[in-house]
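What follows is chain A paired twice: with chain B in the first complex and chain C in the second.
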Partner chain A sequence: MLQGLRLQRLPSVQPGIALAMRALAIAIVVLAASIALLVAGEDPLALGAQLVSATFSSTFGMEDFGLLVIPLILTGLSVAVGQQIGTWNIGAEGQFLVGAFAATAVGLFVPGPAWLILPLIIAAGALGGVVWILVPTLARAFVGVNELITTLLLNFVAALLVYYVSTGPWRDRVGMSNSSTARITVEMPEFWGLIHWGLPIAILMALAAAAILAFSRWGYEVRLSGSNPSAAAYAGIAVRRHIITVMLLSGLIAGVAGAFELAGTVHRLQGGISNNFGYLGIMVAVLARNSCVGVIFTGILMAFILNSGIILQTQGITTSAVLAMTGAILFLTAIGDELAHYRILRAGSTRA
Partner chain B sequence: MDLLTGILATTFLAGGVLALAAMGEVLAERVGVVNLGAEGLMAMGAITGVATVAAVPSPALGFAAALVVGALFGMVFAFATVTIRANQVLCGLALTLIGTGLANTIGRSYSGTPSAAVFERVEVPLLSDIPILGPALFSQNVLLYLIYIVLPLGLHYLLFHTRHGLNMRAVGENPAAADAAGIPVGLIRFAYVTAGAALCGGAGAYLTLAFVPAWSDGMVAGRGWIAVSLVIFAGYRPVNAVLTALLFGLITSIGFVGQARNWPVAAPFLSMLPYLGTIALMIVPVLAWQKVRRLMAAPAALGEPFYRDVR
Partner chain C sequence: MNATQDRYIAAPGTAPLVQLKGIAKYFPGVVANQDVDLDVLPGEVHALLGENGAGKSTLMNILTGIYQPDAGEITIDGYAKQFATPLDAIAAGIGMVHQHFKLVQAFTVAENIHLGWSETPRLASARKLEARTKALAERFNLHVRADARINELSTGEQQRVEILRVLAREARILILDEPTAVLTPAEARELFKALREFTSRGNAVIFISHKLDEVLEISDRITILRGGRRIATHDTSDCGPRMLARLMVGRDIVLADMRQRPPGAAPRSAEPILRLESVSALDDGGKTALNDITLDIHASEIVGIAGVAGNGQRELSHVLTGLRRIASGRIVVDGAPIGAGDAAAFSELGIGHIPEDRLRSGLAPAMSVAINAVMREYKKPPIGSGGLYRSGAATLLAREIAKAADVAVPDFAMPVRNLSGGNQQRLVARREMRIAHKVLVAAYPSRGLDVGAINTMLRYIVELRDAGAGIVLISEDLEELLNLSDRIAVLYEGRLMGALENDKIDVEQIGLLMGGRTVRKEAA
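So, the complex of A and B:
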């Protein structure tokens, strides 16, 4: 039956097919999850209807959903920015945590008026993210050490650090909590309902990053260094310097995400504050094919998936199950991306 | 004396997890495939071990089941990365998310209770009476002999002293040349990615059936990633991988001793040691000796899919 047809592999991905593959990947995983629920004696259609109504038909649901969008856009942007020059920042989770940690330090221990402290909190978060990616960045730029593994390993160190301060020296002694710090007094101002100004700022950051990458000389050099480092070096572009700035920027964005989460959503530092946002950010970036504008939409999509998991917790779905589903979507997307290189030709076609 | 014996015994016990996973990763990477899913495979192996012994109280069966589950997940990974030739980094990260998420989901009903059966210690007659070394080396569970003697020597012999091993390395270094010489590149990659994944699954079962005999959420805690880094430091050699794993066993056991003896350092900081140590190991040697890079270089085609028709 297949005689007369053959496959041709194109050097680059066909964007339309890649997008269709992403939709297909999500559809397959949702279908598989529905079947699993059906086997477990649940009604997937009723659950789906419940999800949509719980999320979109009440202010409360929209607020919960919107609050998840903010960190996911930012961690996705963090990974996507790193990918512009071909670096893998798998450490957004750790940079997020250290950003939240640094923000807490300012929020708890620096007195002052809110108009002054709030910018300081965000700056501290940004600095925390930069500090946390500094060693992997320098190791990658100067010694060629794989940044994927070094950034990832620091996630565990960051988690231990946050666990230590929130259960130890910074523990909330007044509120009788054993696992979190006291509530910081300064908050991000609200934008819509409980959703704080982090949402429009995150979207603006993504748009700004996209514009700088697309229209500035720096952005051009970064993209060139990412797609062909040796050609870029030959053209006199300082590839190493760009790797350093891009990776630090990636860490900064994740750190800001941590500061927003702390000052806008959670208000106190606790062990689970990162909520896998860093790892889900990888997913957000991959689904957006590393487009800085795209992460706004895939961040919203990912927030919906994560939010669904949280709503369905009573039905036995946990954040762990959401993580596994996310992994399955990522896996199928990787396969789909490879398949999107191919096109089917009829034998004897002149276009071969 | 007791302290030294204790540190040594824990070193071998703790290093075993990393050694097993690192040897699995060596297999995959030697044939040219980076498997970043080690962390997820270990999580699946760990929960498989616990769930199996809960049903049938045989640690050997639990370990075997974990090997099988690791191999099955490895086949799925190999299908994507070797057969379809999808991006290895993405597939590996995906496998980590799937394995970790699935294991934590399944593990909810096993959380907190100790494993129903574990690998018991076996005292080797006479040898276990040697002071200091005896209890550390010859009064351990049987898996350790597999991990520290049989597997590294066997894999070393396979890779560097057999025709088949030469073929494996050729596939990892230059698949096009290997293919031209008639070596089945795809088949060899598929087989050793699967075998490597099985060892990672086994490493997970070792964790729950011999080292920390209980399941808890997130208990693999980055050991898969440390194993992946060890392989780089070990220059993709099985014996070196085991020796490096022992070094990490030592770091872990120093952390344990510190907690047990109430050193004036908070426990979370001692727990950071293996991660910080790994990062130091990845950076310092390359800084110190530039020659190391050539000597310990990765297989030339590592991470690259092989397209016969393109090149």
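So, the complex of A and C:
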């Protein structure tokens, strides 16, 4: 039987098959988690129903869920944008943190009316993200240093910087808090319930990025440079310049995510404000196959998974379980992406 | 040959060390070897001469057990052998030094010598391995520094390590693939001395090369391969460079002369439209790849660039199309100098480029047919104006190019790599012809294509010439060059030799130039 079959590797993957592989990966992980819950003496079906109802049938649930969607779409977009030119921005986490840090600086120390300060906060966040990815960008563009490592390592620097200022010089002395700054005076206006305008803006940013990539000359050049740099050079495209702009843009988006999180959701800088959003953004982008429109949907999916983790915690199940689930989904998706290249042939039906 | 005093003279009736009889090897659609006989005697340096694709490498891969022959016999030292794996061939005393060394850069010389060797002592200290290496080096009289890391060594030293590694495994037959390609003349002399010493002990060397001078200098006998078959075997003392050149490249050339212009074709211009003036350029590794090249290209003419690949062809096509900066000299287009290294400027001036490796540099394989087809015109209306990229207009243009190229594309959004090689090449050619108003640089345009597709490609090139463009045709195929070119120059080690009018050329002369003999030297 088995000898009658053989595998053929296809050079390109059909998008439909790749999406099916993602759905399959999620299904396998949900199934595995259900079995684990069953073994632990829980009822997975009841828990699942509870997750859906807790998230979608109450305003509270929807608000919590919506607030998670915003940073996940943006960090996912940040990674997906970087991938357009073939760079891996593993540092969305750090850029997010520095974006939040810069936004806090403006929020705490620049007096002025809200209509002026709020745009300034967001601009500061964007600038913070750009500054944090600047050195990895230049190192990659001019010396060929792998951005994967440089962006990753700067995450730890950013995390320590935020811990330092929020427990040290910027500590909230009035509120006697030891672990966060004072609440900033301005905040993002609300859009629906507790969900702030970051949500529609994040979705618009993703749509705008997709449109620019598809319908502008710049987007054409970036896509070509990402797909085959030597062909782009052959076509006379300044590949290095595009690498720089795209990487800086990737950092900018992550920085804006940090500013939104600060000004819209948390309102004060504290260690751990990034909540791993930067790392989860990598998953959001991978699940979306680096499609800028796709990250809207996979961002929502990832928010649901995260939110489920928080709800499950109230049932006495550790959040590590959810982290393990997200890791398993990413792992299976990577395998699925490779498997999507193969087609099973019956021997004799075609000849090599 | 002045080395006769220490020549090893085999006793009469001694069996050849290597005897290949009727070797054949077929690959899908290609005859790599057919009816090849080869005798290698103890004590001789036997040169294997032939163009690229003549079947030298396949034959040696069979002798070293990498390929199994489809027909024929291998006899080593009088015993029939079958090599299932390279290890069998090594056990039979056959060792090969490849053109690209197979050394671990981060390991020391001693470690590389002992890597994957059954006689390597288990649990040996570095010092012990180095001592063993020193002993081996003395025994074979090949000076190496046992404790040096490979990446600290010059290419000549690395080659010595490779040779020592082979000899340490008791090889009696040493195969060297283009060994001098990476060496300086002094290193080459050292190598030749070592080879002489090796053969003087009754061993044999098979020396693969296309350089006539060095083959004449080092070898005792020469076997010439062409088109996968053995053409002749001669004693080197009976050979001269002219004769070898003729044997190597002198197939019966079918003169399907495409040089005739139809009535109404654009005339060859008096002034060059593109001119390289004493241009030198470096390769990617920073070594000089082009040396003081001066070349005129006139409108409506085809200039053929002959030569064995790797002599600067890649860099020449890059310089001509603005892909590579030049180290010195200048490039003049229509009388005005142009800054090198700006591919966009060159293509806007009307210089098109069919690159040697279309999938690596001429196309983005994973991107759609449409995106690839418009690579040269996406900035112009109707596709690009006001910073936009109109994909509808791009598909329309792609459709037009595909039609001209006679390529049936079911879906312009599918990745271009789903097209066959011939279709990709025609698509690239048509795309480039649209912008090549002045010059088209075509590097190996028929490489990897079947006969029909080759004909189409050559027809395209003639068509463009008749429309008034100057064409630089870089090729290894002499037949193709002779049939198309108005003038032919030969590129050898980064220098351009002679740009001779096609009428005044004979094949032997080109063969000599390709082998590094200058016309002047030959006349003297």
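Here is the rule we use: the second predicted complex is superposed on the first by the 335 of 352 C-alpha atoms of A that agree within 3 Å, B and C clash if a C-alpha of one lies under 4 Å from a C-alpha of the other, contacts with A are read in each partner's own complex, and residues count from 1 in each chain.
Basically, a residue touches a chain if its C-beta (ideal position, glycine included) is under 8 Å from a C-beta of that chain, and two chains touch if they have at least 3 such contacts.
Computed from a prediction, not measured in an experiment: that's the story for all the values here.
By the document's definition of touching, of the two partners only chain B reaches A:Leu148; chain C does not.
In the superposition on chain A, contact is made by A:Asn228 with chain C only, not with chain B.
Using the contact criterion defined above for the overlaid structures, shared-chain residue A:Leu194 touches neither chain B nor chain C, since it reaches no partner. Of the two partner chains, chain C is the only one touched by A:Ser12; chain B is not. When the shared chain is aligned, chain B comes close enough to touch A:Ala139, but chain C does not.
Between chain B and chain C, B touches the greater number of residues of chain A. Looking at the shared chain after the overlay, A:Arg217 reaches chain C, while chain B stays out of its contact range. By the touch criterion defined above, A:Ile237 lies against chain C but remains apart from chain B after alignment on the C-alpha atoms of chain A.
In the superposition on chain A, the residues of chain A contacted by chain B and by chain C do not overlap at all. The residues of chain C lying in touch with chain A in their complex are 321-323, 342-348, 353, 355, 360-367, 371, 375-376, 378-379, 384, 387-391, 415, 417-418.
Against chain A, the residues of chain B that register as touching in their complex are 36, 40, 80, 84-87, 89-91, 93-102, 104-105, 108, 217, 221-222, 225-226, 228-229, 232, 266, 268-269, 271-272, 275-276, 278-279, 282-283, 286-287, 293, 307, 309-310. Only residues 11-12, 214-220, 223-224, 227-228, 230-237 of chain A touch chain C when the two sit together in their complex. Looking at the complex, you find that chain A touches chain B at residues 9, 88, 90, 135-136, 139, 143-146, 148-150, 152-157, 160-161, 163-164, 168, 279, 282, 286, 318, 320-328, 330-331, 333-335, 337-339.
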